[in-house]
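Consider the two complexes below, in which chain A is the common component and chain B and chain C are the respective partners.
For the complex of A and B:
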């Protein structure tokens, strides 16, 4: 059995940042990674646009990863590659397996979960048609092209207009793979406008909104696909069918936090698919922390880094027995998603009730619908205790609220709402909003 | 994108991608004075974007290159700055016809002065030699 202070599960962006932050706190750290190298999904995201918040410059995914990997290699952090974590217990014993040493156990004082997420597949969204080869999640096709160096096919239809889907459309066209169309069930593209312009419009790829796949043809290999417009109940509208001969279909239809290890360890899983955490990013199992896409699916890696840095510091403090709130979590305040809010992280706050001064908390959440001119407000004991104006909110863009709340304003629970800006707000309130 | 020229004004519709406002810009050039006119923008950044996107649209070159003797068969590469959009597909072909040899470090110049743009293509990561 290997004894280590802080064990990090996963060597992607969350694991790398958590490991460095914990290491800086002076504890022993190990990263357990199942792939043959560190970096996680960043290694296949070869496009640029990463790092604007964290490094204040625009990097590609591999460059963003390489900067962290270089730092890790200079540190005393133990790196274990090609190692699969089979089980984590609530006592923080980690069972792993690897081809050289077989089964190896680790005993940690604290753990940071950084397993990321996996792609939703065709099977998960009830798409009719045959089940031939040539149907891939978009991220898997991205790995084939960008890391393993081969093409998934020659003529492609993409379902889902998330950023991965649109970026893959451009990547395919650049390599001479014809993208016949992108179809999206929602009435608006689910990725960034920038990607719609630079990945689809630049290459003349049509985007069909409010459309879905109604048939896939082919026995051994995909031979063709048919899409159709859908009504408000998501039923296909007769007469709107469009058919193409294609050999490949890519699905970019969402990401799911990967939490089998977490739930087996006893962590309570929240409604968004990630473990329920407190303001220290600690799960319901004391000493097990979570950060990155395993906790909530992010749209910017920079925020994964910020989040995982906090988790790494708190995990190290827990290992050193310095985390102020550890066992006594009786006076918990629960955080509820209110109107038009999908979920909120953290789901509970442990330290505010015992705090003698305004208590700093960082919330992140997503809205359910695209809206304009809104107010994000925090409500407790029937009163508004914080509000902030925002011009645009989109389901694809995570919202971050860094607030300081007065302990006496907070009851047993607090709610975060998204509401319309009221034109009748009085002048004082307006000034308060402008200033916040 | 369609770049049809009409006889009098060469007008193009460009969606500004600087912020989520996504202004629909109507950009045209006066045939005599050559002055570029931007309408439909809500802010000065939109005007700047409209002019640059109209007169000389540029994009980053982002693709992969074959690696010999590397731990992985391909390496992600990028241009040191954005290149003219019209050269993008040709530039990808140049990259596809070039091979590099491991070991490679992030930032190594793999193609110098691609298509006489004075812009280089560099490695996005390290790739070690295959054992």
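For the complex of A and C:
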């Protein structure tokens, strides 16, 4: 059994930032990564667009990762590669397997989960048709082209306008793979605006909004696909079918935080698929922290780095016994997603009730619908305790709120709402009436 | 043309039925060959069904279905453990939500008692919910068959076929029978493939599933036609619903209804519907079908964990107008039909094999002599999940591939995949590995492991990655390298 203060599970951008931050706090740190190199999903993201916030320059994924990897190599952080974490217990014993040393156990004082996410599959969204070769999750196709060096097909339709899907549309065109169309079930693209412009519009790839696949043909390899418009109940509208002969279909229909290890360790999983955390990014198991896509699916890696840095610092403090939070349930304030908010991280706040002064918290959340001229407000005990105006909000862009709240203003629960600027008063009055 | 080898018995179709017959006959000193058009065994109806070991319920009195299903249910205890197949007798329940349904179950209760089957009719609500807590509150009666069970149909079939092969039965894959010639002078059949291959046999057993009518017509038999009836399914992630039982609604004369059942590996599924279709290749799923099974499942259970579904699929039943199995020597001597094997064909397969053995003995003149060197058992491949930590450490020391996890969802190592690649049935594609060890069957559906599994197959089978397929034939996964060194030549152009 290896004893280490802070063990980081996963060597993607979350794991790298958490490791460096914990290391700076003067504790012993190990990164456990199942791949043969560090960097996580960034190693296959060879396009640029990374680092604008963190480094104030535009880098590719591997470049962004390399800056952290270089620092880690100079540090005393222990790097374990080709090692698969099989189990984590609530006592923070970690079971791993690797070809060289077999089954190895680690005992940590604290842990940062940074396992990232997996792609939602065709089966998970019940797309009918046959099941031949040529159907790929978009990220896997990206891996085939960028890492393995193989063409996954020649004529492609992409379902889902997530960032990976749009980036893959451009990547395919650049490699000479024809992209016939991108279909999206929502009335708006589900990825970043800049990706829509740079990856679809610039290449003349049609985007069909409010459309989905209603049939896939082909016995051995995909031979064709049919999409159709859908009505408000998501039923295909007869007469709107469009059919193409394609040999490949890519699915870019969302990412799912990868939390089998976390839930087996006893961490409660929240509705967005990530572990429920407090303002220290600590899960419901004391001493186990989470950051990056394992916690919530991020659109920008820079925010993964910011988030993981906090998790790393807090994990180190926990290991040094410097993170003192009362675990008394009465002290906990729960955070609820209110009107038009999908989910909020953190889901609970543990330290505010004992604080003598205004208490700083960082919320991140996503809206359910694209809107303009809104107010993001925080409500507790029936009163608005914080509000911020914003011109645009999109489900594809995570919202970050850094706030300081007065402990006296906060009850057992706080709610985050997105409301229209001029109707804000009415909504609050309504809620106060309903509450009384 | 070189004279081809003469077999005693050629079995056409390596589904569970053909494979069970092959396994049964492998005890004896006869030359048997199992012929299959696909790249693996178990690719027909046997690949996609409910995997339930039924117990004769809701079959017609005196039918072959009744007799063979009851016998098959018993035989699995005799044969399953010998060939290393896992199954679980978790029990099945039929649910009634109104008086008419209650009466139907009462009727079946009496019939089942007469069949000598262990059965219980339960109307006490607290017991109903104790037996299966997931049931809706409107269920008033359940009919419980504690000895019904679950099995993975392709695991059974692979085990049967492999056990047959260990004992000398030949398996000829990718041999699509297109033409059969009767050589009445020499009393042999000449079986021809689509690509010019030929097999000679004294006896043919037609176990070709939905194509058994086509095979029968090749020797001039027109006494039955197969009506393809599709059934669609939705499969859910492991541990997403803690089911205890196989759950049925009250069957109607048309169908057994939408089943909800867990699988041996801890997943659960809902399905199948029953739709008559034109094409025998119509294994596609449809929006209408998927909605139909969701609605059906919601009628009996409370919490369908949406978001936890991982795939959908469909299988085709080989139904006939006779509504019963056809297991007999046909009007053509030495040509045995095993046809119309729709549900409960999987449950009955071992008993069908026993019956075929009798027919060969009594009608076809075979005097079966046991082989001296018969190997009565087949060992199941050792899996990561079978090993303790200490045993695993030992294994990794001997062979580091035991320490390389290839599939994270189902936890499969490289060593296991390499062993399966080199098993008795030659592995050529990723789906074959998937059916044997489950990489690609989990929640990420191969998102993580597919490139890794492809690389192992390419290495073990010494073929370039572009030649690795999903299911054989032209089901290529990637078609060309993106970049080539100037010294390299492109592999014969494009595969797609």
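Here, the second predicted complex is superposed on the first by the 417 of 436 C-alpha atoms of A that agree within 3 Å, B and C clash if a C-alpha of one lies under 4 Å from a C-alpha of the other, contacts with A are read in each partner's own complex, and residues count from 1 in each chain.
Just so it is clear, contacts are C-beta pairs under 8 Å (C-beta built on N, C-alpha and C of every residue); 3 or more make two chains touch, one makes a residue touch a chain.
Please read all numbers here as calculations on a predicted model, not as lab measurements.
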Chain B versus chain C as contact partner of A:257, first or second or both or neither: neither
First, second, both or neither for A:189, with chain B first and chain C second: neither
Which superposed partner A:47 touches (first chain B, second chain C, both, neither): first
Which of chain B and chain C A:149 touches, first, second, both or neither: both
Which of chain B and chain C A:114 touches, first, second, both or neither: neither
More chain A residues in contact - chain B or chain C: C
Partner chain(s) touched by A:11 [first = chain B, second = chain C, both, neither]: neither
Touching partner for A:62 - first (chain B), second (chain C), both, neither: first
First (chain B), second (chain C), both or neither touched by A:99: second
Which superposed partner A:130 touches (first chain B, second chain C, both, neither): second
Intersection of chain A interface sets (partners chain B, chain C): 145, 148-149, 175
Residues on chain A engaged by chain B in the complex (per definition of touch): 39, 43, 46-48, 60-63, 65-66, 69, 145-149, 174-175, 193-194, 197-198, 201-202, 204, 391-392, 394
Touch list for chain C against partner chain A, complex: 234-235, 281, 283-287, 289-290, 307, 309-313, 389, 392-393, 396-397, 400-405, 408, 411, 443-448, 450-451, 465-466, 469-483, 494, 496
Touching residues on chain B, where the partner in the complex is chain A: 1, 15, 17, 20-22, 59-60, 62-64, 66, 72-74, 76, 78, 85, 88-89, 92, 106, 124-126
Chain A - residues contacting chain C, complex: 34, 82, 84, 86, 95, 97-103, 118-119, 121-124, 126, 128-134, 137, 139-140, 143-145, 148-154, 175, 214-217, 219-221, 236, 247
